[in-house]
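Here the structure is laid out as structure tokens; the discussion comes afterwards.
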Amino acid sequence: MEEQTQPELASPEVQKRIRDSFDRQGLMGHLGAYLSVIAPGRVHILLPSRPEVTQQHGYFHAGATSAIADSAGGYAGFTLFPENTSVLTVEYKINLLAPAEGEHLEAIGTVLRSGRTLTVCQLEVFGVQGSRRTLVAAGQQTLICIDPRPER
Amino acid sequence: MEEQTQPELASPEVQKRIRDSFDRQGLMGHLGAYLSVIAPGRVHILLPSRPEVTQQHGYFHAGATSAIADSAGGYAGFTLFPENTSVLTVEYKINLLAPAEGEHLEAIGTVLRSGRTLTVCQLEVFGVQGSRRTLVAAGQQTLICIDPRPER
Amino acid sequence: MEEQTQPELASPEVQKRIRDSFDRQGLMGHLGAYLSVIAPGRVHILLPSRPEVTQQHGYFHAGATSAIADSAGGYAGFTLFPENTSVLTVEYKINLLAPAEGEHLEAIGTVLRSGRTLTVCQLEVFGVQGSRRTLVAAGQQTLICIDPRPER
Amino acid sequence: MEEQTQPELASPEVQKRIRDSFDRQGLMGHLGAYLSVIAPGRVHILLPSRPEVTQQHGYFHAGATSAIADSAGGYAGFTLFPENTSVLTVEYKINLLAPAEGEHLEAIGTVLRSGRTLTVCQLEVFGVQGSRRTLVAAGQQTLICIDPRPER
């Protein structure tokens, strides 16, 4: 679904804007998640396996899987937003396709359609064990671009 | 939407089954979430406010909001499942309706339709500040009931 | 879920606005659907059973069920919009809970949260046979309020 | 998203099974929709423009767009199901991305994950005008495979 060409990276300004925002998300740090790719319209977030992010069977919790998927999509949209705007998630839907296991999860958010007000992203999460990647969740998300004084 | 009558509680056996499973969810403990009501077909989970569960503007992160909503729905379904079965989330959809703020969040999962294989739940999350309750998220979830050797 | 008090009806102006718009929806007439209740923030649409709206097993087709649910939600939101605006569906999610059968379907759209730009509705569809009503579908929908020159 | 190689077609038996089922869907014929491609795990349905499938602004109605998307996904899953089983839509979510216009719509359902009980499909709908194709809707769907005596 994703072309395996070398990813074009976002500009340094955009990368800094995304990283600064990510660093203010207490939840991402608390889960141990971090940004791995920031391309225009596409962002990857990694989440290493640890007991703090599991559900009752020892797999990654759907809530952790969803949290990084939601953030990856939100920041994918944010890479395309004008300066001095903010991004909010309006809604998302996610299917948990397979037990989420592996050394880490990789969430990829990709912009499907970018509008002035609303942006729609595709969400994918892979379980990664060595060289093996399994699609463990897939979803779709709607974002809204807001000006500095949040109203919607 | 929810009738404000005194909640009928689930049997001690069912309550124990839910609490034991919840306690094995590393993520719930790591976020600081806990079970508050376990009724037949309805479960409430509370999440106190703290920096570890925020997004970049200081509100509760959509991922944390969703995580407790997903768990509340999953356990609401689980209260109605036969003994010796497990519950898995097939998918859910959630709308973030308002900034998620307050002393704590209260997620309520309520079974809409319970089937032999599939169960559908309504998800609601309220931001609670003193006596003020605001609906901050609403969603819908599909669960699957699986026998001890997980297959689907 | 719905309070069984006598429904407060929308003003004649709003009712007319909704009926005029509905009459311009070629699909609703083609399916044989019609408006039955227009209350502030809540609209009901009925769809009588006939072969033209079935799927391969003779039940109402999920597409017909969804079409009236989507319209009921859209018009529920529209009852609360300012004059001279339009309504567009951003997205919706629907669970088909039971075989959709009966003399007719009744779709009910109810506003959960009304905002300046975005409105979120709950969608319910009942199969009605005599005095028996069965919830056959439930969903959630996001609408956008647009000014006369559509942009989003 | 879809590789532009020549599509491998489904076996004649599977094609016949899909066409027979489609022909029993009163709604598809009533809308004027027809099957165009039946490949393993992927089905395309076309819907020509006509007043009977419009909403109030003259575009294709979201209900018509969704109906063909739902059927395309359902039959995409059905191509991979064992003989003598049936397919039911559990739920789907769809974003309406742009005004749905053109000479016809093309809905493409593609299996993302096929399981013994549940199958998840990606849904895409394009507005086609001459050689111009615009993605007008995108969604995700969950299907269930049932044995001849429907239970779920």
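Chains: A, B, C and D, in written order; residue numbering restarts at 1 for each.
We take it that a residue touches a chain if its C-beta (ideal position, glycine included) is under 8 Å from a C-beta of that chain, and two chains touch if they have at least 3 such contacts.
Please read all numbers here as calculations on a predicted model, not as lab measurements.
In terms of C-beta pairs in contact, the better-connected of the chain pairs B-C and A-B is A-B. Each chain gets a centre from the mean of its Cα atoms; the one farthest from the centre of chain B is D.
Spacing of chain A relative to chain C, judged by their CA centroids, is 33 angstrom.
The geometric centre of chain B is 28 Å away from that of chain C, both derived from CA atoms. Measuring from the averaged C-alpha position of chain A to that of chain B gives a distance of 22 Å.
The multi-chain contact residues of chain A, meaning those touching 2 or more other chains, are 90-91, 93, 95, 120, 140, 142. The touching residues of chain C, counted against chain D in their complex, run 21-22, 24-31, 50-57, 61-64, 66-68, 70-71, 74, 86, 88-96, 99, 150. Partner chain A is touched in their complex by these residues of chain D: 1, 93, 95, 97-98, 112-113, 120, 122, 135, 138-140, 142. In the complex of the two chains, the chain C residues touching chain A come out as 90-91, 93, 115-118, 120, 140, 142, 144, 151-152.
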